[in-house]
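What follows is a set of structures to go through.
Look for subunit A in each of the two complexes below; its partner is subunit B in the first and subunit C in the second.
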Partner chain A sequence: MALEATLRGIRLVGDKTLRIVERVGATAVFLGLTVMHSATSFRRFDLVIREIFYAGVQSLIIILVSGLFVGMVLGLQGHETLQNYGSEQSVGVLVALSLVRELGPVVAALLFASRAGSAITAEIGLMKATEQLSAMEMMAINPIARVVAPRFWGGVISMPLLAMLFSAMGIIGGYLVAVVLIGVDDGAFWSQMQAAVDFRHDIVNGIIKSLVFGIAVCAIATFEGFEAPPTAEGVSGATTRTVVSSSLAILALDLVLTAFMLKGWN
Partner chain B sequence: MTNLVEISNLNFGYGSRLVLKGINLTVPKGSLVAIMGLSGCGKTTLLRLIGGQLQARDGSVTVAGHHLNDMNQDELYALRRRLGMLFQFGALFTDLSVYDNVAFQMREHTRLPESVIRDLTLMKLNAVGLRGVQSLMPSEMSGGMARRVALARATALDPELILYDEPFAGLDPISLGVIGQLIRRLNDALGATSVLVTHDVQESLKIVDYVYFVSEGVIVAQGTPDQIRASTLPFVHQFIWGEADGPMPFHYPSRTMSDDLGLKEV
Partner chain C sequence: MARSTLNLWVGIFVLLGFFSFLMLGFKVGNLSAGGSSSTYTVIAHFDNIGQLKERAPVRSAGVLVGRVKSVSFDPVHYNAEVQMAIDSKYHFPKDTSASVLTSGILGEQYIGLDAGGDDKMLKDGDEIKLVQGAVVLERLIGQFLFNKAQDGGADKGVQK
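Moving on to the complex of A and B:
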C-alpha cells in the first residue's frame, strides 16, 4: 500500500515535470516561429509602434510611480543602515547600484508582466476565442506575423526603456528622501554615485537584463494567448499562467545573468 | 457545369472518433449549396476541411482544381486569397473600425493606393447597406449589422468561393431575411460559388440551389429545395418541419429513468 502511494507520488512529480519541460520547449519553439515571421513587423514598423504605445506608454504610470516609491524606500533603508558605519554620504551609491543592477530591471519586468504581459495574453486569447485569428488565417494572413510578432517586438523594445525610467525615477525618489528630507549632502550624493556607477558593468548590464526579461515575458505572454483554450476559463487561466510563469522566469533568469555578469562571461 | 469544390470518400475524425464518414459532395461553379444538419453533426468541420483549416484523414478535398491534402502552407495561403469566409458571429477585428475591417485584406494583399481602397471599401459597405456606419467600432453594432459588415469583408477581394458558417445564427427575423437575400445577391453579382452551413431550414431553402443533409457524419439526403421539401425520408421530414421526436429522438441515449432514480420494480 505504502509502495503504491510512493510510486503514485513519483509518477505525479514526473508527469508534472515533463509537462513543465514540454511547455518550456513549446514556448521556445513558438519564440523561434515569432522571430522567423518578424519580417512584416520591421517592414511595417507602424504595427510595432502601436504595440509600443499599448505595452510601453500605457505602462508608464505604474512604472514611474513604483520606481519613485522603491527609490524612496531604498533611500530610507540605505541611510538607516549606512549611518551605523558613518557612511550615510554613500546612500546615493547604494540607491543607484541597487536600482540599475537589480531592482530596476527585475521590478520593472515583474510590473510589466502583470500590466502588459497579461493584457497581451488576454487580447490574443480573446481574438482566438472569437475566431478573429481563424478569420485572419482564412484571409491568407499568418496570425503569427500579423498579430503575435508586432506585440512581441513592441514589448521587447518597451521593456529596457521602462526599466531605465524605473531606475531614473528610483534615483529621484532616493534623492528626495536622502537629500531633501534627511539632509544628506547634495554634492556627496551625486558625486559618489557618479564615481561608483560604471557605465559598462552597471548600466549596460542592467539594460541587457531588462532586454532578456522583455524577451522572456513577451514570448510567454504571446504563447499563452495563442495556445489558450477558446473559452472564458481558458483565457483567464492563460492570463494567470502568463503572470506566474513570467515572474518565475524573470527571477530565475536574473540569478543566471547576475552570476555571469559578476563572474564575467568567460 | 464544372465543379469548384469536389469531395470524395472523405473521412475525418479526432483521435479514434470519426466525425465525418465517407462524404462525397460536389459544388458546381456559380451555385449556392447548403450543408444542413443538427448541431454537432460535423457540418462546420466539413466547411473547415473545404477551407483547408483541417486536413482529411482519408479521401480528397479539391478546391478550384487543387488537392488540399497535397498543399503546403504557402500554396494554401495562395488559394485562400481566392476564398472568402463568413464566420458564425462575424469574427470582426474588434480593435479596428468597420471601415478598417473591410479594407483589411486590400491593405494586406494589394498595393492599391489608399484612395482606391477607400472607394472599394465604401462600395462593399454600400452593397450590404452599411456605408453609413463606416466609422463605428464592431462593439457599437447589433449582431445583424456585424454579420453584414463581415459579409462585406468576406467579399472584399471578390472571391471565387465564399464559405458561410451558420450565417443566420442568433439573428432577428428581419436581419435573417436581409442576410439571406444578400448571400444570394452577392453570389450572383460576383459570379461566385457559395457553400452555406446552416440549420436554418426555411431561410436557406428560399435561397440555395442544392442541399446536402448531414447526420452523424454521413450525408443522408440531398437534392434541390423542392425535392427536399417533398422528401418522405423520416429524418428530412423531421428536420424540415421541426418535429420534436422522430428518427432523431428527443432523449439523448442514457440508462433507464428507473435506474437513474434508483427505483426498484415491485
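Moving on to the complex of A and C:
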C-alpha cells in the first residue's frame, strides 16, 4: 500500500514536470512560427503601430506612476541607510544603478505582463472562442501572420521603451525625494551618479534585459491565447497562466542574464 | 479609434521613450564625459593593488581623468600590472607618480596621479615609474605590533 502511494506520488511529479517541459517547448516552437510569419507585420506596419498603441501607450500611465513611486521609495530608503555611513550623496548612485540595472527592466516587465500580456491573451483567446481565427483560415488568411505577429512585435517594441521610461521616471522620483524633499546636495547627486553609471555596462545591459523580457512575455501571452480552450473558463485560465508564467519567466531570465552580465559572457 | 490619433499617440510614446534614453545616456550615464572615445594607455606596476578593480577611477587632484583598463599579474616581476586609460584631454609629465588610494574608510579604491615637473609628457604605452601600492590593513597592524614588541624588548634590555 505504502509502495503504491509512493509510486503514485512520483508519477505525479513526473507527469507535472513533463507537462511543464512540453509547454515550454511548445511556446518556443510557437515563438519560432511567429517570427517566421512576421513578414506581413513589417510590410503592413500600421498593424504593428495599432498594437504598440494597445500594448505600449495604454501601459504608459501605470509604468510612469509606478516608476515615480519606486524611485521615491528607493530615495527614502537609500537615504535612511546611507546617512549611517555619512554618504547621503551616494543616494543618486543607489537609485540610478538599482533602477537601470534591475528594477527598471524587471518591474516594468512584470507590470507589462499583467497589464498588456493578459490583454493580448484574453483578446486572442476570445477571437478563438468566437471562431474568428477559424473564419480567417477559411479566407486563407494565416491567423499567426495577421493576429499573432503584429501583437508580438508591438509588445517587443514597446517593452524596452517602457523600461527606459520607468527608469527615467524612477530617477526623477529619487531626485524629488532626495534633493527637493530631504535636501541632499544637487550637484553631488548627479555627478556621483554620472561617475558610477556606465553607458555600456549598465544602461545598454538594462535595455538588452528589457528586450529579452519583452520577447518572453509576448511569446507566452500570444501562445496562451492561441492555445486557450475555446470556452469562458479556458480563456480565463489562459489569462491567469500568462501572468503567472511570464512573471516566473521574467524573474528566472533576470537571474541568468544578470549572472552573465556581471561575470562576462565567457 | 481614428488612424491619425492612434499614430499621434504612438509617436508621442516612441518620442518619450527616445527622450528617456537620451536622459539615461547623458544625464544619468557617462556618455557626456566622452566615454572611451579618445584615451591613451599608461602602464604602472604595483607591489600590491588591494581591491582595485577594472573600471576603477583614475583621479588627479580629485578630478576624474581616466579609468583602470585592466589589472593583471606580471609573471616576470611578480607584481601587479595596471593599465590605465587616461582621457586624451589631460597630459601628465613623465615623472608623474601613481598611488592606489581609498576614498573614505569604506569607499572604493582608485588610482591617484600626482604630476611631476618633467618637460616631457607621458605618451600612449608609457610606464609610470614612481608608484605606491595599496596600504594593507593587516600589514599595518602587523608592523605596529612588531614595533611595539621591539620597543618592549628594548625597554627590558635597558632595565637589566
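A few points about this structure:
Everything that follows uses one rule, which is that the second predicted complex is superposed on the first by the 266 of 266 C-alpha atoms of A that agree within 3 Å, B and C clash if a C-alpha of one lies under 4 Å from a C-alpha of the other, contacts with A are read in each partner's own complex, and residues count from 1 in each chain.
Heads up, the rule we're going with is that a residue touches a chain if its C-beta (ideal position, glycine included) is under 8 Å from a C-beta of that chain, and two chains touch if they have at least 3 such contacts.
Bear in mind that the values here come from a model prediction, so they are computed numbers and not experimental data.
If you put the two complexes together on subunit A, you find that subunit B and subunit C both fit without a clash.
Of the two partners subunit B and subunit C, it is C that touches the larger number of subunit A residues. Of the two partner chains, subunit C is the only one that A:Val100 touches; subunit B does not reach it. Using the contact criterion defined above for the overlaid structures, shared-chain residue A:Ser134 touches subunit B, although it does not reach subunit C. Taking the C-alpha centre of subunit A as the apex, the lines running to the C-alpha centres of subunit B and subunit C meet at 160 degrees, rounded to a multiple of 10.
Looking at the shared chain after the overlay, A:Val217 reaches neither subunit B nor subunit C. Judged by the touch definition given at the top, the superposed model places A:Val57 against subunit C, while subunit B stays out of reach. Subunit B and subunit C never share a C-alpha pair closer than 10 Å once the two structures are laid over each other.
Looking at subunit A, you'll find no residue that touches subunit B in one structure and subunit C in the other. Per the touch definition, subunit A reaches subunit C in the complex via residues 46, 49-50, 52-53, 56-57, 60, 85, 87, 96, 100, 158, 160-162, 164-165, 167-169, 171, 190, 193-195, 197-203, 207. Residues 51, 53, 76-78, 80-81, 83, 85, 87-89, 91-94, 104-105, 108-109, 163 of subunit B are the ones that touch subunit A when the two sit in their complex. Note for the complex: subunit C touches subunit A at residues 1, 3, 6-7, 9-10, 12-14, 16-21, 23-25, 27-33, 35, 55, 57, 64, 104, 106. Subunit A meets subunit B in the complex at residues 126-127, 130-132, 134-135, 137-142, 146.
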